[in-house]
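Chain lettering (A, B, C and D) follows the sequence in which the chains are written, and residue indices restart at 1 in each chain.
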Amino acid sequence: MRLETFSDAVIAIAITLLILEIRVPHIEDASPVELWEELRALWPNYLGFLISFITLGVMWANHCVIFRYIARTNHVFTLINLFLLLCIAFIPFPTALMADYLGHPAQEVGLIVYSGTFVITAVAFNLVWIYASNGNRLLDPAADPKAVSSISRRYLIGPPAYLLAFILAFFSATASLVVLIALTIAYVIPYPGR
Amino acid sequence: MRLETFSDAVIAIAITLLILEIRVPHIEDASPVELWEELRALWPNYLGFLISFITLGVMWANHCVIFRYIARTNHVFTLINLFLLLCIAFIPFPTALMADYLGHPAQEVGLIVYSGTFVITAVAFNLVWIYASNGNRLLDPAADPKAVSSISRRYLIGPPAYLLAFILAFFSATASLVVLIALTIAYVIPYPGR
Amino acid sequence: MRLETFSDAVIAIAITLLILEIRVPHIEDASPVELWEELRALWPNYLGFLISFITLGVMWANHCVIFRYIARTNHVFTLINLFLLLCIAFIPFPTALMADYLGHPAQEVGLIVYSGTFVITAVAFNLVWIYASNGNRLLDPAADPKAVSSISRRYLIGPPAYLLAFILAFFSATASLVVLIALTIAYVIPYPGR
Amino acid sequence: MRLETFSDAVIAIAITLLILEIRVPHIEDASPVELWEELRALWPNYLGFLISFITLGVMWANHCVIFRYIARTNHVFTLINLFLLLCIAFIPFPTALMADYLGHPAQEVGLIVYSGTFVITAVAFNLVWIYASNGNRLLDPAADPKAVSSISRRYLIGPPAYLLAFILAFFSATASLVVLIALTIAYVIPYPGR
């Protein structure tokens, strides 16, 4: 299905473009110590790269999971999936914004935009699945209803979790970041039955 | 068919590169209010990202539609499709030009180039379909002639619509932009029978 | 065959990255006339984009042609194809170099490097085909020997043609550019039997 | 398998983005001799491009080899493969760092980070294979055990070889670079039985 190849390509590009936002520091005749210092100061950029890469990577893995159940496509579904890809393609911008202002007076702005983008992306992901699975609209008739509803429940955790990080960002950039990091770690912990 | 994979890849890359044209504003020790202000000032860039992403995304969806009817390929067809991909790969440049000059004295230039690129791209898209469908040259013999001529009619609306935005740009950047936004919205409104 | 998908992806990315080398001119409060002037001054960049895009696009089409005859692959063949992809991935750099110095005192340098890169790329393309077709090493046993040797003859024109542009670049940047443009035009002229 | 397409795409993008780190030198009205001089001074960038492109290209070829034996996938395996892709997507950054500081006082820093990244990437590659092949967890039951253990042995050379380059980098940037170049050359020498 070209919808899958195209989604794979957009996610792969967005995930790989993230590295372009980490720029090599340029200091004339830096000593090794100075360069190490500059590289250490880029930690918010490494962190943003890690969070965004892992979040999008796991979202790609979940996209594969739901498409194992989806058997058909239609124009509305293509548009909803395009909206998800639009959110994903946008992510390198808030990632760079968050990283560039972390530790600066305006760091809350970066975290509001960054976590807010994740809220919308998680909603978009759920829209893709809900549209396809609602009344088995586009699912393979042989799809196990229990597996389908278990998937639905699992993905519904995303939007409120990111909403929490979004709301926290207005009060404390650190608290918001901690939630985002915790979510990222939760994604990569294998649990039984997965 | 490698023609489809290659087209998917070029469109996916062009669509995702658009984000590189939105750059994080850099202000030393900006206050949150100042950074919000700077982010708000980037609205032409968000708008350009949205218009170009949706236009190319819907063009990709239409590319999928016509390739469901196309069964064969030849060297001339490959070249015409390459011409379409050339237009698509070019779009990040006029998008950035339009966005960077919107609200500045030279904004009409940006809109002339931006809408002009869409005119040529829409013509290229029609050339791909007309070459393939004319006398059923490359179509699946089983293709429904009614569906084929309905597709032909629908896509022929593109070039004159963009031509209108192009002509308006010489008189009013705003009017041209309104037409481009209206076209983008029209693309994503689902209508019965689609 | 993953070799084909991977080649498609690298060529699609190289061809689309070319646009990043055309940068939007930034002039404070430019009048429309001044911006048009600046955009006109970028013509070497548009020309470089066109030549490189069409050359790589046609090379991709030819890559598809030869892989219709290739039935097997091995490690050496993979490495030779990687060498071709390395040349292709390199092309955005000489394209930008040529475009940025055209019309400046050092323009010959740009054309020497640009046409030189095409010489090596054309040689790499021929190596891919010669390694595969020599003694039918990797070809489909059913491949028509006449078609195979006709392809071999056709692609052998590439290296000496680019070598001519390369040698001319040492004497006249214009003459070298004219040869490159002529070659690009020759690629897109359909001729009978193709 | 979408895991393969997605990996192909990420590797293809990372490998092609490398060229964006080689920037055209801009000197006002440079004479040909001056421009040649500037281009010659970019040799660490060409070298970094070559080493990273060939290393990732050969890693892609090896990824194809091991996936010929892998018949199934699961969530943990997807995450391990994502970790490998994360390392690969990161490589343009240390490549640029190494190239930009080679010949400068802080060149050891560049080589420590560059070779260190390759150590982690080689470990990630081995994790992918070990997880899949251990107890034939994800392998095709028909996979030849001798071929499987020969592959395991061959890839285990990677981490200690890069570790040597990493340790040497603390004492001599040149020695570390020589090891990296030697490894790159070793990758492209065909040997009997491959």
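Just so it is clear, a contact is a pair of C-beta atoms (placed from the backbone, for glycine too) under 8 Å apart; a residue touches a chain by one contact, two chains touch by 3 or more.
As the structure is a computational prediction, the values presented were derived from the model and not from experiment.
> Hop distance check: chain B to chain D, minimum number of steps through touching chains?
2
> Quickly list, by label, the chains bordering both chain A and chain D.
Touching chain A as well as chain D, we find no chain at all.
> Using only the C-alpha atoms, find the rotation that maps chain B onto chain C and quote its angle between 0 and 180 degrees, to the nearest 5.
It is a rotation of 90 degrees, to the nearest 5.
> Validating interface symmetry: for the copies chain A and chain B, is the fraction of residue numbers used by both over half? Same or different.
different
> With chain centres defined as mean CA positions, report which chain is farthest from chain B.
Max centre-to-centre separation from chain B belongs to D.
> Centroid from C-alpha atoms only, then distance chain C to chain D, rounded to Å. What do you get?
That pair's centroid distance is 26 Å.
> Taking the mean of the CA coordinates per chain, how far is chain A from chain C in Å?
Taking the mean C-alpha position of each chain, the two centres sit 36 Å apart.
> At least two other chains touched by the same residue of chain C: list those residues.
Residues 5, 9, 13, 17, 20.
> Indicate which of the five shapes (line, ring, star, complete, other) describes how the chains touch one another.
ring
> If we count contacts the way the header does, which residues on chain B are in touch with chain C in the complex?
Chain B reaches chain C through residues 2-3, 5-6, 9-10, 13-14, 17, 20, 75-76, 78-79, 82, 85-86, 89-90, 92-93, 96-97, 100-101, 104-106, 108-109, 113.
> Inside the complex, what are the residues of chain D that reach chain C?
Chain D residues touching chain C: 4-5, 8-9, 11-13, 15-20, 22, 24, 26, 29-32, 34-36, 39, 49-50, 53-54, 57-58, 60-61, 64, 67, 188, 190, 194.
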